[in-house]
């Protein structure tokens, strides 16, 4: 059984290798190869899962040691895997959703001549992500960590002919690198503290070192998590990442990769548990991002960017939960899984809508689409209900638990966090309802106008075949796209209940993360009820704004907050002014310094030597007699010298 | 009288010759001064041989003469060809060594 | 000098100090030698320098003899004053006997530097000799016991044989080198008279042959430029070598003066005859 | 006495150089093939050395020793330790690719006014450089090392000054002047360093009485030779200066961008991937081996300089407008890492540094050679002249990207292993330094991705629209390098196994112990 773990990673890796090196001759079948291998990986995961269920809770963790990676004196890094309940959860999520999205992409990317490479990248992503969750030491995790970063870089910038896409990809990679810096520093700290960075030893002996060191490690890990999971202050890349093809947004920037940060924190639970300060920071980051993302989501007219904002805020929930410690870990992961389902579903839905609307992304140019694309409407709607936490759907279970846990944190911070979480729930309900209404209800704002809007000059190749500049003919997407949406919709409806009822998920995960029941100051029922109330409020408010009165095609100027939110709350402007401009000036001045100062010193020396020799040259007047004088004088000096020698 | 005076004489002649070399421009006179210097050396050598009571000094002096002869032959030949080419025996005219 | 006296001299030379005779000789001839050396340096004409140098060398030869280096003394006279100085004189003739180079210095500061160096050098040398502890004089008596020439030969063909051979080679090379340097290869055959004439015509100047030197019977020396009809001298009439040496005597003015004097004399004579007739 | 393998490894390319130079001008292609074959033969010999070398055996193996200049105790002494073996292998490995990549670089110019380009000379010079580099890796006699360390400059000078890019944005004349400027600058810089080193070498002889590295090291170890503190420091500085110029370390780096910018891409690879390695290698073998105390004394200053190199080089790379100069500054940053690892004086740091030398050689070769292919197609080194290449030449763009990712040391590719080792090793002893150095990896990502974005992505520029993709010869050059990058990234054990014992010896030279973790975690 253990030996299957490697296959789990190997299958998609093989796919990536074949597809990327295969060349054009594979164009015809490339997408199928990719999908099949992803599915194979899923099957292997399922087999392992079944085997794992067969064992009792304590014996479920299995591992596989392939070979020693970097053997250096006092430094041992292995290529070795560890599969426990936590990893297994991710494996199933990744391979499952991954396979579905492969399937979806077959239809979505049908008309892109570089489809083969797209699937190669997708497989590469799967492999890296699996490596990330299966690694048994932080260094190997780091490999997967950067691997998914690379994959997302390649996929965001897949349409490289669009400068915006290339820029977004670069931005994503760079911001992630900042986070990675945190991870590598954390690993170094672990090495100097514990002499190793394998999960087992580090986490077991975490208690033996000072709290200060643990806090430092934890904060560095948190920095990494912020980078990968788009948490404040490193969240700025996620919005731009929507430049990538929609399946990518669904798989990487909604369901799986962006949740890696949560995985990292939960995986390092033993460290965080012993570093309360770090935990506090984590919860704060989560809370802030939660609101940040939600507010941004309210203002965006680009459907994908709105969803990106919501992703940000949902991950905020997870990080918040993870920061709460043992009372939150389980719910963080649970919300992560359910979110994986419904957010992926929402994105696929959005993709399907764009597919039918000539890749128009501006919701103000949608409207009344429900009768043109019923399947999309239904699946999207279910996802919508799930994410706002409609009672009975999966979002309800997971999010509600998190809010409870937040209150259970106790003390004022408990109240604050809980309040923020509730507020977040309300805003979520608001902006999701907004998306829903603007897209599927209201009058058909796309009539009698060309879609090629000025701010979107070049449209995705997938749409070039259909008259991109004519009036769109909304139509349902092909089956290869709808089936995944339907499956995900099922997940987003039932997963929560399946996990939540009888705390099934909790018992499954407890051996790894540990769990203790929090005791909220108010009864769980109260929390639940208030949650329902706020979401009704939020949804109602949205209905008033966007359901009752018509939606203007051109966005109104809006309030200061709205405008700020449209610009990601000015975070990008800050980056631009401080980092980009400053950096440019720094490099330019440094280039100047290098040329004038460092090089100038050298050249100056050379010049002075040249001038000196130029003067000395005049001594060589070419007259034999003056040379003779110097000779004679020299002889005299020599004699004087010898005489002095003898005298002394 | 102390034979050392011979050495003083030799030194004097040598110095005069050397100064001549530095002062005169006419290549021939230059050469003569060189010859003068060589002769001064010879005188010193002979004196030395007397001083040490062996003939090595004289032998060396003899060699000096031979070499001087050879040198003069070549040198004068050079002067002649120089004169042919530039119609002057002044060493300053042959100053192409500069730059 | 006879062998006996020479033997006596050798025995004397073994002594620590020298005989008064030698002392006198040294002071007298030494002075002359120094003067000769100075003249060599300061004479304006190369010939004079050469002659002074020859004199100095001869004196040196005497000193050699006095120091018991009989062979060297003879060689000095024969080779140096005989051969080498003659060579010098030949060259001087070639370059021009009377060609006197001005003692005016062209290189800035050269002369002062030279004198300074010379002075310093000399003083230092004297100081050096003074410092040297040269009290012990063995004298060459024992070395010359078997005869000076034999002694030299002894050394020359045993101890210094290689150096000797090498100097021989050197001499050969030198002489060959001298030939190579002075020998001028005639690249084209000599022009015939016809060709020369045609060349003159082609060049267009001096169609007639170069004018012969001298216009008056009194002045037909090769170094006198002939006068053109207007009385100006034409250097073309002087041999090229002399021209190169700048040894041209200009007599044009002199000729005119002679003419003037002649006319005056004739005028005076007419005066006298006229007055004579008048007195009758 | 057995077959002198080391000598053979160095002599073969030397003979090859002579033979190549002797090929008549008409038979240009023959010369190329001859050079290629010789370099492959050298590679075979180097592999033999690799196999014959026993990592757990003596420190110096395959030793040869003959009296040379008896009066000064100069001996012809060769011997290799793990580090040297690794670098010899790297050199012998890269040269064939360099030759193959420069296959047409020295052909006579058919455009413009005919300038005679001695093809034979080009390849002969490359082989000559290889021979000298190899022997300076092998020499265990300081004087012998010095001679070849300096002699290397001569062929390099001609390679830089004689053979530039086919087409130059400023035309042939400016190109020629800039080339000669770069070549002279290279020569003067390294000569200055070399002369100072010569003084130190002589000083060493005066102090120690002979030039043998092993003997001096032993004498110092058993205390029979004790230098005055100041003497040792001065000598150390003399040696270090020369190596720091070669390496190059800030602020002695300015010759590298000129040289790499003006030389053809293969020659640039030869400079940065092969020749410069002699500098860092010599720091390990001579500075630490001969003057351990002084090395420890100078460590803080050197660490600071290395840090400056890392950040400064990276920042300037961001600011470059010229592809080759960008790679040059990136290399400066990487050499900063190598020196950091060497002087961190930890096993991880020094193993990492050695590994870094190898990996940096391969990765820079990959990146620079692909860049060279790119430049040869468009005839310009300016980044601004490119755009959207990946659309017309996907394979070229792909290989370029992989080379770039290796340069920013992406995990899974070889450079990551070494860079992380260096960082960990540094961090273990000097946490602050380690953290500051970590910023380098962010900057690395910045300049690589900016370069890729500006050249490869975006709308296709009309000038590059007709650009052909990589040809067979170019693929033959690039593919093995990339494969090697992947292999060593996943399984560097073969190299580390060879290097580790040697590093332990160096550690014992400087009598340093690794800092121990505060918690002995349950392994």
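Note that the chains take the letters A, B, C and D in the order they are written out, and that residue 1 is the start of every chain.
Everything that follows uses one rule, which is that contacts are C-beta pairs under 8 Å (C-beta built on N, C-alpha and C of every residue); 3 or more make two chains touch, one makes a residue touch a chain.
Since the model is a prediction, treat every value here as computed from it, not as a measurement.
A centroid comparison over C-alpha atoms places A as the chain most distant from subunit B.
Centrality by C-alpha centroid: the chain sitting nearest the overall protein C-alpha mean is D. A separation of 71 Å divides the Cα centre of subunit C from that of subunit D.
Centroid to centroid, with C-alpha atoms defining each point, subunit A and subunit C lie 104 Å apart. Between subunit A and subunit B the centroid-to-centroid distance comes to 95 Å (mean Cα coordinates, whole Å). Work out the mean CA point of subunit B and of subunit D, and you get 61 Å between them.
Shared interface positions of subunit B, i.e. residues touching 2 or more other chains, are given as 18, 22, 25, 92.
Listed for subunit C are residues 107, 110, 113-114, 117-118, 121, 125, each touching two or more other chains. Remark: the chains found to touch one another pair up as A-B, A-C, A-D, B-C. Within the complex formed with subunit C, the subunit A residues making contact are 621, 623, 625-626, 629, 632-633, 635-636, 639-640, 642-643, 646-647. Those residues of subunit C that touch subunit B in the shared complex are 13, 17-18, 20, 22-23, 26, 30, 33-34, 37-38, 40-41, 43, 46, 49-50, 53, 56-57, 60, 63-64, 67-69, 71-72, 75-76, 79-80, 83-84, 87-88, 91-92, 94-95, 99, 101, 103, 105-107, 110-111, 113-115, 117-118, 121-122, 125-126, 129, 134, 136-144, 148, 151-152, 155-156, 159-160, 163, 167, 170-171, 173-175, 177-179, 181-182, 184, 244.
The touching residues of subunit C, when paired with subunit A in their complex, are 107, 110, 113-114, 117-118, 120-121, 124-125, 127-128, 131.
By the touch criterion stated above, subunit B contacts subunit A in their complex at residues 18, 21-22, 25, 91-92, 94-99. Interface residues of subunit B facing subunit C in the complex, by the touch rule stated above, are 1-9, 11-20, 22-26, 28-29, 31-33, 35-36, 39, 42-43, 46-47, 49-56, 58-59, 61-63, 65-74, 76-81, 83-84, 87, 89-90, 92.
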